[in-house]
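Each of the next two complexes has chain A plus one other chain: chain B in the first, chain C in the second.
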Partner chain A sequence: MDTMAAIKQTFFQECEEQLAELETGLLAIESEEHDPDTINAVFRAVHSIKGGAGAFGLEELVRFAHTFETTLDLVRGGQIQPDAGLLKLMLRSSDILADLVRYSRDGGEMDESRVAQIHDELTRAANLDAAPAAKPAAPAPAAFEPVGAFDAGSADDDFVPITISFDDILGDGGEASSAEQIYVVSFRPKPELYAKANDAIKLLREIRALGNADVACDISDVPLLTELDPEGAYLSWTIRLGADVTEAQVREVFEFVEFDCDVSVTAEPKVDPDFEFVPAPIDETRQAMPLPVDDGPIIPEAVLAKIAQVNADPAKAPPAAAAVQAQPAQQAQTTIRVDLDRVDRLIDLVGELVINQSMLSQRVTEAGIARLSEVAVGLDDLEQLTREIQDSVMAIRAQPVRPIFQRMSRVIREVADMVGKSVRLVTEGENCEVDKTVIERLADPLTHMIRNAVDHGLEKPEDRIKAGKPEQGVVRMTAAHRSGRVIIEVSDDGAGINRARVKEIAVKRGVIEPGVPLSDSEIDDLIFAPGFSTASTVSDVSGRGVGMDVVKRSIQALGGRISISSKPGQGTTFTLSLPLTLAVLDGMVVTVAGQTLVVPLTAIVETLQPKGPEVHGLGERAKVIAIRGSFIPLIDVGYKLGYRHDEADPLNSVAIMVESENRVQSALMVDGIIGQQQVVIKSLETNYGQVFGVAAATILGDGRVAVILDVDAIVAGNRS
Partner chain B sequence: MKSAMSTAVALPPVLDITAAGPLASEFLRVRGKDVSVDASKVERVGAQCIQVLLSAVATWTLDGMEFDLANPSAALVEGLEIAGLEPANLVARNA
Partner chain C sequence: MTKTVLTVDDSRTIREMLRAALTEAGMNVLQAEDGVHGLEVLDGAMPDVIVTDINMPRMDGFGFIEAVRGSDKHRAIPILVLTTESVDDKKDRARRLGATGWIVKPFDPTKLVNAINRVAA
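Our next item is the complex of A and B:
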């Protein structure tokens, strides 16, 4: 990959982060759980995307981001109040921005009319400010009604759309308007600023581009050559800037260096524009060598005339002054970007280490070394250490589920718009961490479940009101860790499953025989049956040819389980239980026909030794075992997997009770149990191919390969 | 004034952070002599090289030696101007 492509890739990665930040911020503002920094963070996110996009010439993206940013800036400056209508527009804008980023990255056709529509709405929202901006002194939010702007019907008669361009924002020195403001910027770089390949000159240049700048350099700290660290930072500057920009825009110049310099920006009170220009005095106390520079043609006379003489000392500035570095709420987190392949390689190697360690400890046992000998004790320590390394390495791959939850909030918005329902998404446990692969592979199933919840789960607004519920439906998504797994629940407060209808359809589609008695939960489970869809018309929303059976299969492929519970009139809850990682698994090591196999511990309910009276024959070959008043099918694993041709005697076997999806219990017959062990999963499909009843393989302490059973497949295979 | 005795130091075209260290060493090497700095080739200048130049001027001033900036390029003059400085700041006349 060439350098440019690599930089571009980094840009897109950063965009994803910024987009997440943007959405988090907007949602926080929407739920009124925000502090003043939130809007700044939102603004910065859009601004960064715009900046990067500009560097890569992604014009469409820049254009949209710019308009979005302009509106956000007005909100930030208090000229527009973020009411519900505006927030909705901003959330939709963030969706469009995300789409534009993705289209810029992956190519494809963007729905231009939609972009244009949102773009227009944003422009209109931003334009509202044009009126108060013309009256310079008073940014009075109460003076206008922002709500009207979003109501296309009532768009005011005297309202003329104005296209906002870069020049309006960046300010063209030649057109000094009455909105011009004087800022005193004090800027003292730290060595880190230079070390990170930034340069004070570049930043000063950017400041100058904002308007008319009077730059004074303080060189009093520059030491003699013998004491000079060539890469140190000794210069500091005081800049008096006259520009038609907001204070925030001035601070933006230092946005990427805010932690690497001391900088303060002080807005001076506005003065009469006819005031005569007097060159700014340099504060003698800060200037060992006062060196005011004549900017020559950079400052047009017209502008000079409007720059007022005010004291340059930032210390005497009005209290409105805000220091850029004041961002205590957000603690800087140090992170590095690492290629996923490297992490996976590390995980692989640690896996090997675990195997090697257990092989070593087995050799030591075989060599007859005493358990209390120093070698054995040392090995125990090594084992503990290996475990810790493994956990830490796994933690690298673990990521909070937040991004995927965020993605769902967009799905909800879109689906709700499409089907004309008002829906609120409530999320909990977004910080719950799961393996990256699990998160990635959850996106599709979750999207589908959310679509279903909005489209089928929630009633129409009028039906909700009839049922005495609030018009706005609630979809709840929660994540939590529970006994080594992560549980994700998606629930709605809709009408619940219409069981009579589900049953009727299942009969019609031949999923079940007519007249079969089914419990409520069995009827609910029919939703997961292949080819089942309750929507009478295939809607645009959830009817995309993917049924809940596909959702179920994707969850199973992740080593997870899905279940459903529904209460009439109160809603439906889908519960996903997922492994935290796909790299290791706690398993029960068993023997079958001389083979060593691993049964995933999560599937096991209990183990028992069948006794004569408990085992009953059923039909020609099938056997069941009676436990606590119910009959459970006995499955001979050795026979099923083809390890032997005759079925084993249940009385000489151990029965492992397993629970597969739908809470169906079965008993797997094995010859004996060796013990419980954490094993490293090695994909069989990648290295060999898919084998019935086998989920994956692992390498045991003695160096032999053992297969990990696919319990669900074996149970399902037994039934069919 | 350039005296016939002054030692010539030529500034490289790129005066970025990587040039600051070598530049400081170069000046230390010629310390105690009158120098004439040829700045005609400068294409780009960063704040840290300006610091080195200012430090050299202060050192030469202390030593009572002459430090002259000859033929400053447009890029250098512009860089200095951005930083609120001018070529006169890079001159020490003590002789």
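Our next item is the complex of A and C:
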């Protein structure tokens, strides 16, 4: 990738960060939880996007960002008040800005009329000249000139560099004189010029670079040394310049210092090309002083000595800089960016390390080496270290759920607009960290759940008022870590599940038989059934061919579980429970019919040895076990997976109590328990496709391959 | 002699652009994310020129210029200000606080390097 393409990529990454910042800021202002710096941060975000976009010649982006920025600047300056209407407009503008960024990056379709509409609204809000969106409202961005490293035309087709000629910059188009012009430049620096680290000699040198210059220094103002202020300015110069340049080019040399010196540039009438350059006569107080060729000082040495003395006096050091320096580096250089492939490679290697380490441990045990021997103790340390390395590496992939939560606030706005409801999103625990892949794959299911919450969960405004609720509905999203998993909840304060209606539809669609007695939670669970939808008409919003069954499957594919709880009149809550990582798993290693299997520890509630009186038959084959007053179905894993043809005797088995989705408990019968172990998950689906009851495989310490059980599937397979 | 330039800008994109342009011109580049960070970098460095943005979190360009000009050790370093708009009041304020010159964003590398050469020792 060439430099320019790499920077462009950086720019788009940064845009995403700025967009997130922008939205967070706007939402904070909306909820009145902002401090004075919030509006500055919001302004800076848009300003930064505009700045970068300008450099890449992304004109549409620049134009929109400029108008947005102008409005924000007025808000920042207190000229306009951010009322609810304006905030809504600004949130929409941030959505448009996000769209434009993505459009600039990925191409595709852009709803131009919507951009124009929001642009016009912003323009009106800021009382700007109602410039139509089609015309650039921003200063025309002068893009990079293709110089040196910025050989942009080569790699990036959509980047068209605009070449600026010198004349364009100077606004003195193309009238290059064919002959030399004589300019008389008089230049008298003020002390401020030096105080701002400008230097007369550099300016003189620059003038001389333009052509043939004769420089005379006037030292008549230099006082006696006793009266000389080391920071004063006593010298002035007169330059006769013969050069093939415009007057503007001469003046440009003094661009930075025009207020810190007296400078005049006069063009002498043009002369014949065969004009012979004669230095102007110099009066007696002026001495022609050769300009030092090297970087030597132009200030008398005595003055320099004095300056050095002042500088060397530490007591005179102003405290300002020191005080600021004492502040801790809060943000500076606390992050580095690393290619994800490298991290994944590292994770893979650490996975192998874990396997290797546990194989080694097992060999040592098998070799009968004493537990307290140095080898065994050293191995324990290694095990500890390996685990810490693994945790640290996993933490690299962990990211806060904030970005995805922020994305949902946009979904809410759009859906709320579409269905005509007023909705407020409340989020909690945005800093909760989850594996990057889990976060990425959560976007679709969460979007669907949020849409459902607004479309189906919340009542229409008039119904809410009737029910004595505030007109504005609330959708709440929370994330929290709980016992090694991430729990994400999406809840609304709507009417709750209409169970009678759900049941009616389930019967109509053939999901259940009429007249089957169902508990409330069983009815609620029906909405996860394939093809189920409670909306009587397929609305624009939720009815996109995705039902809650798809949501459920995608959560399960992540090793997660989803459950629902609902209270009539108070609302509905969906709870997602997700693994922190997809790469390793704490498992219980068990044996079944001579096979070694791994049961994910997160699913296990307890293990027990069934006793005669506890086991009861139910119907023809089914068996249940009575534990603490409830009957729990016994499932023979070996039989289910086809390892044996007859079910094993529960009394000779170990029962592993598992809790699958919706807190359904079952008891898995296995032959024996080997122990607990952290295992590295190896996907089987690439080579084998989906196998019933098997989630993945792993390599155990003794080098054997063991399958990891898909507990939910086995339990569900038993029920159906 | 190779020139060392300290660039202070909160935008990673702009920092990277400056780095590319300046390295191409054979200069050393130091980077800082805002004024506070800039002063920290200056604590252990003596760049030939400083290029700073104005609008930054924690400490903006104005505060940074003031702090540099108030430091005995660093006050003689030329400071160029990056401004997006050629808005004069910002330029003026930066100038009054001691900015040596300015560069209008989006800058082109040649002008940037010229400006640095103009003010660098």
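One rule holds in what follows: the second predicted complex is superposed on the first by the 482 of 720 C-alpha atoms of A that agree within 3 Å, B and C clash if a C-alpha of one lies under 4 Å from a C-alpha of the other, contacts with A are read in each partner's own complex, and residues count from 1 in each chain.
Simple rule for what comes next: a residue touches a chain if its C-beta (ideal position, glycine included) is under 8 Å from a C-beta of that chain, and two chains touch if they have at least 3 such contacts.
All values reported here derive from a predicted model rather than from experimental measurement.
Enquirer: Using the touch definition from the top, say if A:Ala197 reaches chain B (first), chain C (second), both or neither.
Expert: both
Enquirer: Which chain, chain B or chain C, is in touch with more residues of chain A?
Expert: It is C that touches the greater number of chain A residues.
Enquirer: Once the shared chain is lined up, is A:Ile527 touching chain B (first), chain C (second), both, or neither of them?
Expert: neither
Enquirer: Just checking: does A:Gly54 make contact with chain B only, chain C only, both, or neither of them? Give me first, second, both or neither.
Expert: In the superposition, A:Gly54 touches chain C alone.
Enquirer: Is A:Phe259 contacted by the first partner chain B, the second partner chain C, both or neither?
Expert: In the superposition, A:Phe259 touches chain C alone.
Enquirer: Let me test your reading of the model: by the given contact rule, A:Pro189 touches which partner, first (chain B), second (chain C), both or neither?
Expert: In the superposed model, A:Pro189 contacts chain B only, not chain C.
Enquirer: With the two structures laid over each other on chain A, which partner does A:Leu26 touch: chain B (first), chain C (second), both, or neither?
Expert: A:Leu26: touches no partner chain.
Enquirer: Would you sort A:Trp237 into first (chain B), second (chain C), both or neither based on which partner it touches?
Expert: Only chain B; A:Trp237 stays clear of chain C.
Enquirer: Mind working out whether A:Ala216 is in touch with chain B, chain C, both or neither, as first, second, both or neither?
Expert: It touches chain B, and chain C stays clear.
Enquirer: Who does A:Val658 touch here: chain B (first), chain C (second), both, or neither?
Expert: neither
Enquirer: Across the two complexes, what residues of chain A are contacted by chain B and by chain C?
Expert: Residues common to the chain A contacts of chain C and of chain B are 195, 197, 199, 295, listed in rising order.
Enquirer: Considering only the defined contacts, which chain C positions touch chain A in the complex?
Expert: Against chain A, chain C makes touches at 10-14, 16-17, 20-21, 23-25, 32-37, 39-40, 42-43, 55-59, 66-79, 84-86, 95, 98-102, 105-111, 118-121.
Enquirer: Sort out for me which residues of chain A touch chain B in the complex.
Expert: Residues 189, 194-195, 197, 199-201, 204-205, 208, 215-217, 219, 222-226, 228, 230-235, 237, 239, 289, 291-293, 295.
Enquirer: Which of the residues in chain A come into contact with chain C in the complex?
Expert: Those residues of chain A that touch chain C are 3-4, 6-7, 10-11, 13-14, 37, 40-41, 43-44, 47-48, 50-52, 54-55, 139, 141-145, 147-150, 164, 169, 195-199, 202-203, 206, 253, 255-256, 259, 295, 310-311, 316-318, 320-321, 324-325, 327, 329-333.
Enquirer: Please give the residue numbers of chain B that touch chain A in the complex, ascending.
Expert: Listed in rising order, the residues are 16-17, 20-21, 23-24, 27-28, 31, 45-48, 50-52, 54-56, 58-59, 62, 79, 81-86, 89.
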